[in-house]
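To start, the structure itself, in structure tokens.
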Amino acid sequence: MPKFDIPAEIVEQTQLAHGIFLLTVEAPAIQNSANPGQFCMLEVKYNNSRDPLLRRPLSIYKTQANGHISFLYKKVGKGTRLLSKRRPGEIVRVLGPLGQGFRLIHDRPCILVGGGLGIAPLLLPAERIKQSGKLVILIGAGNASEIPTIEDFSGLTRYFHVATEDGSLGQRGMVTDLLAQTLQEITGMAQIYTCGPWPMMKAVYHIARKKNIPCQVSLEATMACGIGLCLGCAVPKSDSREFLHVCKEGPVFDADQVNWEYTQ
Amino acid sequence: MIHQNDQITKSPDLSIKIGSLVLKNPVLLASGTCGYGTELDGLLDLDQVGGIIVKGISIRPRPGTPPPRLVETPCGLLNSIGLENVGIESFLRDKLPWLRNVKTSLIVNILGNSVEEYSEIAKKLDGAEGVKAIEVNISCPNVKAGGIAFGTDPEAAANVTRAVKKATDLPVIIKLTPNVTDITKVARKVASAGADAVSLINTLLGMAIDIKSRRPALANVFGGLSGPAIKPIALRMVWQVVRAVDIPVIGIGGISTSDDALEFLMAGAKAVEIGTATLIRPSTAEDVPADIRDYMEANSIQNLEDLRLPE
Amino acid sequence: MIHQNDQITKSPDLSIKIGSLVLKNPVLLASGTCGYGTELDGLLDLDQVGGIIVKGISIRPRPGTPPPRLVETPCGLLNSIGLENVGIESFLRDKLPWLRNVKTSLIVNILGNSVEEYSEIAKKLDGAEGVKAIEVNISCPNVKAGGIAFGTDPEAAANVTRAVKKATDLPVIIKLTPNVTDITKVARKVASAGADAVSLINTLLGMAIDIKSRRPALANVFGGLSGPAIKPIALRMVWQVVRAVDIPVIGIGGISTSDDALEFLMAGAKAVEIGTATLIRPSTAEDVPADIRDYMEANSIQNLEDLRLPE
Amino acid sequence: MPKFDIPAEIVEQTQLAHGIFLLTVEAPAIQNSANPGQFCMLEVKYNNSRDPLLRRPLSIYKTQANGHISFLYKKVGKGTRLLSKRRPGEIVRVLGPLGQGFRLIHDRPCILVGGGLGIAPLLLPAERIKQSGKLVILIGAGNASEIPTIEDFSGLTRYFHVATEDGSLGQRGMVTDLLAQTLQEITGMAQIYTCGPWPMMKAVYHIARKKNIPCQVSLEATMACGIGLCLGCAVPKSDSREFLHVCKEGPVFDADQVNWEYTQ
């Protein structure tokens, strides 16, 4: 699979909600070969400074035929703070598309389960699945302001549900409540795709396993290279003392492969 | 053909020799930061690189340490990969064939927990087609000596050197650890034990604490520090070792640009390795030799040796 | 007065004791980066600082090394000041009176080229009003041992410790050099030789080359590396030494924020010193204790010891 | 002398010529207590990056009664490049005013000799001297574009002369030629103030010494703190093995004090 390391011009940088940004860059080569669930490594250092040293991984949120790709990200630390200061016209180096995305299954209902900004890698698969079959989208968050882009999702399917912990949007509660409800209504085979905080994905996986529904998860890990050079992005496997490498074999894995009990 | 001008500027010669090993230019990919080469396909033209030193290989596959394995520090990177690798058998079977097709020198980095392990891997590599040299990582714990790294004990380092030299006819580069009081002592010992070259530095032992989770940031507590942060320490050690031994010295540590590389070459290093910089910008090892060539042309320097500062 | 609520949150206690030395908070100004205190007047309220450790004092004034003395490196600073200082006589006469008026603990950093020199300076400080403790810089060359730094030889370090302890009743802090294979060996030796505390790390030996002038960037060739770049190495050594000795450990190295300081306190340091950060932002040593207090309040931590990570 | 470490708002950042910038910030406390020849330490790192680590010393070029101070600087490396990217409205931390400026002598003709951007610390003394006595201004540079602000100087005195090496402005030649010419015309006592590249200042000093004219020089040295903490900014003294400290005892010194023969 081709990868590109491109000095990409910023075409849009919008703060959507407190600390949540949408960044759009012009990177036709990456846009052209991106698959749903893939990510990029973005240079966040400013000019010729060497701190922060590493690039930051961000999922490809949206692509447009004109060569634009967008990232939906949250300002959590030094790197994303610096990134959020960059303005249209400026250049950021973007390496991508990276990793193994979602393996889309078309012969059964697909359920996308996103938690908070875990929705970022789910828009592209949602758009693809929409064209081919039955799509359920379930989104959860602490409150409505954490998911400022749900309108990108809500139009894709009739089966769209939101849960917030404070009830500020949709049902009050967890996205896993929505999943349990949904699964009660689905009789035949289904397929789950999920991304969000580790405890949420773990809970989704447990629900899925009980019902014997295959589940693909998009994982996060600290990364240095994003392309399999450093072996830094390890996550324990379920069936051995070995490790999965999020940037190369992932970020999307069959949830069965992952040792969900591991905490540092 | 008649030369109209004796002063025709010759293109600078970037090739170097390290024992029987000839490199097209002095910029190598450092072990552990370039995978087994394939991972860089399409992002770096390996043919333009002086050499590739693959991820450290052990006698058996190693799963490595649990995550988190990485922490970013100011201008630095802490890692505790735990020397995860596929093991020598799988390397020879699955990785080597692809690497043979690359037009650059292949150097295999090896590691072990006993002198015997080092020797055994070296033997297996001796006949392997395509392998041009061995780099020996002696920063590993010497299990028989209670886990103290081979590289911190000059005698143990010399023992490993002798064993590997005996096991192979390939040029042997001993990779030194910086976590010592006097690196020239180890360098001198391995030189007299027959090393064809030394490379330095490996990572500096460091740690970080995650004050939010109130835990060491690496599951393994300690990790190796690399990147621009360590360059001044690496350069000092290279400078010292160049002046202590007669064998070629390969400089490593925080090199991200040709300016960084030139500092090491001016200090007397014969070649350099690019580590962490490749993780951040995969094309670095292609850009650096090109920029060194430009520098040499601009300054009318014909040979790499002429870069070395006068004493 | 009746307490209506037993759970009244007490303000965190930031004071600490190091032997007989009581500090109002655990944040000290590191030697060589705060001059003799006066230079900070108006930019840092010294009364808010846990203590001030003045520039290393020798028996006679020292002019220091020729320039250039400084080079910036990635997230680091290389210096070769050459221990320039006014000498003990001038210090006692010209600098001490001003420092006596500051409401913080004054610690005098001392240096020498022989055990006798250390002992002589310590004697002169013993009676000096206002001096609360002595910090002994053992990174200096031991002239009698061919210039090898006292701090790299556990025996020599212990000798200096014993001599200084004998010469003074003041608390004695031994400041360790990181340029050693195993810092716990030196720490253990100086602890059993009677040190009241150890502080670490001093600078790491490094160098830089100016590729434009084609010369070492420092006139002295080698210099000491400090700043954020070295924090991971410093923290690792502090973690090791805390677990190796029973005396208090003071952490130093790349601390610029309360987050950095908290890492060292969580590693088990009793106090910390701010070095290079003061050069860049003079108010750092005032901001850090205030921010530590905020952190402790926010996390309902009453005592500094409770910051230390469980083993 | 009071010093302040101020987060100062940028009010102007203008590129005057290739690589030469005028930066104006709002720092009333510094403006209010600045003396001619003093300098400031400016934070050049971006946001919460720690690289570049050190502040950069720049002379106070201009002050305005409204609390503005201006710096005239050249983009030479990493730090000044980053500084030149900063825009009005942004904040830079400025520590100042620092050092010992020019000791202005009012009872004799004063000759200001500036080379290239060495003119930066000379505008304030020129303005002060203008009010009180006879002022000669001599400016030299490689070519005209290196000294884009000479109009700030040219109106201050009738005795204003420029020399450029390529003859693009004023007399072709060196500023030391101008100085030699000027000194032939001056009969009584005089006072020289100079700033520029080391070889130029050295030549100025030698001319001055031959004529027994006192000469004040503004020196540069790599600095970490700018306030006497680190002792890093040493320059050898003429009369001993000791050192001058540019940030504390300088940057302005009597030229006699300096060992002009020292080169690393």
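Just so it is clear, A, B, C and D label the chains in written order, and each chain counts residues from 1 on its own.
Definition applied: contacts are C-beta pairs under 8 Å (C-beta built on N, C-alpha and C of every residue); 3 or more make two chains touch, one makes a residue touch a chain.
Not measured: the values here are computed from a predicted model.
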{"item": "Chain located farthest away, centre of subunit A as origin (C-alpha)", "value": "D"}
{"item": "Chain centre separation in whole Å, for subunit B relative to subunit A (CA means)", "value": "36"}
{"item": "Inter-centroid spacing, subunit C versus subunit A (mean Cα positions, whole Å)", "value": "46"}
{"item": "Residues of subunit B engaged with two or more neighbouring chains", "value": "73-76, 215, 227-228"}
{"item": "Residue list for subunit D, restricted to those that touch at least two other chains", "value": "50-52"}
{"item": "Chain-level touch network, classified as line, ring, star, complete or other", "value": "complete"}
{"item": "Of all residues in subunit D, those that touch subunit B in their complex", "value": "50-51"}
{"item": "Parts of subunit C lying in touch with subunit A, wherever the complex brings them together", "value": "74-75, 228"}
{"item": "Touching residues on subunit A, where the partner in the complex is subunit D", "value": "45-52, 78, 81-82, 85"}
{"item": "Subunit A contact footprint on subunit B (complex, rising order)", "value": "32-35, 39-40, 42-43, 55, 63-64, 66-77, 79, 81, 84, 213, 215, 219, 227-228, 256, 276, 278-283"}
{"item": "Contact set on subunit D toward subunit C in their complex", "value": "2-3, 5, 43, 50-55, 93, 95, 221-225, 227-236, 240-243, 248, 262, 264"}
